[in-house]
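As structure tokens, the structure follows; a few thoughts come after it.
Lettered A, B and C in written order, each chain numbered from 1.
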Amino acid sequence: MSTPVLSVDDLRTQFPTDRGVVRAVDGVSLSIEPGEIVGLVGESGSGKSVLAESVLGIVEEPGEIAGGDIRFDGRSLLEMTDEERQSIRGGRMSMIFQDPMNSLNPTLTVGEQIAETVRLHQDTGESVTLSAELKRKIVGAAKNGEAWRRAIEMLESVQIPEPEARADDFPHQFSGGMRQRAMIAMALACEPDLVIADEPTTALDVTIQAQILEELEELKDEFDTAILLITHDLAVVAETCDRVNVMYAGEIVERAETRELFSNPEHPYTQGLIASTPQLENPDATLEPIEGNVPDLIDIEYACHFAPRCPEAERECFERPPEFRSVGDDHEAACLRRGPAGDRL
Amino acid sequence: MWRYIAKRTGHAFFVMWLVATTVFVGLRSVPGGPVRAMLGQEATPEAVARLRAELGLDQPLYVQYVEWFSEMLVGDFGQSITSSESVGGLIAAAAPRTLSIAAFGVVLGLAVAIPAGIIGATKRNQLQDYAATIGAFIGISMPAFFVGILLAIVFGVQLGWFPVVGYTPISEGVVPWLRSIFLPGVAVGLPYAAGVTRMMRSSLIETLDEQYMRTAVAKGVSSRIRLYKHALQNALIPVVTIAGIQLALILGGSVTVEIVFGIQGLGRLLVNSILERNYPVTQMTILLIAGIFVFMNLLVDIAYTAIDPRIRYGGEQA
Amino acid sequence: MSDKNAGTPEFARHAGEFGPGEVPEEYRTEETVEEYTTTRERIVRVLKRDKLALLGALVVVGFILTAAFAPYVAPHGPEQQFGFMQEPMSESTGDFDGDGQRETVTHYLGTDSFGYDILTRIMYGAQISLLVAFATVAFAFTVGTALGTLAGFYGGKIDSVIMRGIDFIWAFPTIILGVGIIAVMGGLGWLNVVIAIGIAFVDDFARIVRGEVLSIRQEEYITAAQAVGMSDVRVMFREILPNAVSPIIVQATLMIPLAILGEAALSFLGLGVKPTTPTWGLLISDGRQFISQAWWISVMPGLAIMTVVLAFNTLGDGLRDAFDISESEVN
């Protein structure tokens, strides 16, 4: 097996608050191989965005990484200096955010926002000092420069029509779908090894969602980029991902290859999640919501975070932390009541 | 963009027309009429009639209105009642003094406020932020004329660095001119700076929280370039509006500060004309000050097109 | 299997002892429910938590009480004269209370060019300065709220006429508008001053109230009230205005200091109220020509203005944070 692009090991990210410590990411491990699309599924509040921010190193104050390790291409990110991490961000590792309406700067042209990334991370021979950048902001970037050419190339590859002309547009002149394409162009401009896409299609119309996902897959193949796709939408996962991690209340509860997960969900939470999602093949099936809500992540005292909502919980579920058990071919679930040992309870 | 500018210009003209008409009607509805007010209750009917005819007040109101308006448009602002000078001449003598003070105040105010606001927002909850915030808080709590008196006591009377009284025209040299308007300019500029600092700080804090600033972090942009290239222009958009509206503080402040420093500007002209019931002067001075304010805000609206691309290209919003 | 397992979802393979929503005794936590808080409770909570706002409130109350009880708390009568331009903390000796004995009194803030005790004059001056400020805001509040409610509630032509009229108020710097109105009405009476300054604030109240009314008008309970046949006036007073109350309170708190400054500027220009005891602005103006001999005559009343304005501003800022109103909405 090759070195994983990303391996997260027992990561803990917490936010101290007035009411106690919020453990947004509470001992998560996962890995991504080069060129694969890995899904991270969970409800809002499950900590999946904080996990993404931890990997990129952009956790907002007062959040902090309290334990574990994140390795990027074999090197620990947590041991790097701020400068080193900054040089990786946007270059070898980039991110696509959920909200295309607010993720682009309204006072910079779309072309400049992409070209800036290129200048920062690739040797284009163009100066990136503050004064050079401010000058570009005021008089515009050099149109014959390598960075600008690359920006136009990227806009073209994300299917923006007339990219030379549109590169000079400001974000408000783009539609929502076009803005998200521009975001993708920006994230892929430096041919990164890893792209973290946080709900990249949630804010878009359904028809545009499909197009964007398709493009994302094509670009992945073109640049051989690994993608961590974060979403609450099982349909998006089923369509695009090679492997899936299911996250609940700061923990990963199940992981498997996509087809396997959908045909044999093991963890009660995953089962509930699938049962509560409309199935195209079986439109008559009744939808069963999971009762209750994702718990407040402050000071959870019971061992399995899903236990209070779980239909199968026993006293032991509250007392003994569940470890990962193999429940199938390359398929693991963190539940005391699953796997060969599970039946004994 | 041109549609936007045309719209704002049209609005400015509309407001000025409304102001002029209101001032015209307002001063003619003074109890007993302006002539009575000017001559006093004991004036003989003949004297009243003579003055009324002299001022054209015996004509029907709409005739007066049309005449007044058309004369004003060709630059004839009428005669002062208490002296033989023309209103235009009086204003032309006074306006440069007030405008010098106001312009100095604005430049100084912005030069203090924008850096102070940036420091407050970027060093949030640190010593520098507290200093800027407390300074701004005290600044908005002091009337300009009181700031003027404090400055006059400290830098004029005690230290003797600047003159306490009078104005030196720029024609007598730039340095004496600057010295004469320095203290009054600071006096109107500081309360203005205080308001703009507060706005700059809160606007920049809000901008730094925006999603596109997180995008910039995720792209690997350094914090300095994030601040100056990505955040500053966005943060300035609401500040420009406030900086325009707060010009009212500068103009209102100049009127009182001139009196502190014994400068014969528009403020002194206005107050004296009211005390002497010199209505032609009162009405033109008020119109001029309102006009300056409206015009400055029109400039601010136009400055918007440079600072907000959403207005420059297609924008519907104002 | 017990009865409760009837509710077990289909996907579950076993029914656990603790079904969905069931938790062993020792793991139960209390539910936190967000409580409704009244306006008064929220104000009290700000004052408890925000020490600066509390200090502001105390200073404001202190000034109001001093003004109200000036004849009792002031060290001397407002017309009592001592030596001219005595320094702060200087003393005068003489029979000042008319009991036939000589006594020594301290002038904590000095005396002015007429020999009046400055502390005494400031305390009496507070009466007019504060009264005019409160009356001004009350006036602007009444007129502004009425116009804003009408504009927001009826919309259309009424709205555009009112809002255009308000546009024009905007065209004048506060002091200039005040001076212009004084020019028309003549100075002297405090009511004229109140109207002169108050008009400049009408537009702020009108805009806020109009905005609130526009957003509240869409709410279902307003439609419901109209559907059951409530009259327009009743809907406005009973249903809409009470919901717009917090931004209005905040605005009013932040307007009072502006009114104090406006009144001070007018009386500084000699165009304000001309009562027997002078206002703060007039006190500053009186001392202006003596700044080289007796700085304290102007500075002391100036500090009084600054202190009370600062106090109102800290209080207003605290309230604004408490009601979670953005600075762009109210300023």
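One rule holds for everything that comes next: contacts are C-beta pairs under 8 Å (C-beta built on N, C-alpha and C of every residue); 3 or more make two chains touch, one makes a residue touch a chain.
Note that the coordinates shown come from a computational prediction; the quantities given were computed from them, not determined experimentally.
Undergrad: Pick out whichever of the two, B-C or A-B, is joined by more C-beta pairs in contact.
TA: If we tally the contacting C-beta pairs, B-C comes out ahead.
Undergrad: Among all chains, whose Cα centre is located farthest from the one for chain A?
TA: That would be chain B.
Undergrad: Using mean CA coordinates as chain centres, what's the gap between chain A and chain C in Å?
TA: 49
Undergrad: If you average the CA atoms of chain A and of chain B, how many Å lie between those two points?
TA: 52
Undergrad: Please tell me the distance, in whole Å, between the geometric centres of chain B and chain C computed from their C-alpha atoms.
TA: 25
Undergrad: Which residues of chain B touch chain C in the complex?
TA: Residue positions touching the partner: 15-16, 18-19, 22-23, 26-27, 29-31, 37, 137-138, 140-143, 145-146, 149-150, 152-153, 157, 164, 198-199, 202, 238, 242, 247-249, 251-252, 255-256, 259-260, 267, 270-271, 274-275, 279, 282, 286, 289-290, 293-294.
Undergrad: State the interface residues of chain B toward chain A in the complex, per the touch definition above.
TA: Result: residues 210-212, 214-222, 224-225, 228-230, 233-234, 307-310, 313-315 of chain B touch chain A.
Undergrad: Which residues of chain A touch chain B in their complex?
TA: Of all residues in chain A, those touching chain B are 56, 58, 86-91, 94-95, 97, 99, 102-108, 116-117, 120-121, 128, 130, 133-134, 137, 169-170, 172-173, 183, 186.
Undergrad: Could you pull out which chain C residues touch chain A in their complex?
TA: Chain C residues touching chain A: 8-24, 27, 29.
Undergrad: Which of the residues in chain A end up touching chain C in this complex?
TA: Interface residues on the chain A side: 265, 268, 271-272, 274-275, 288, 290-292, 301-302, 307-315, 317-318, 337.
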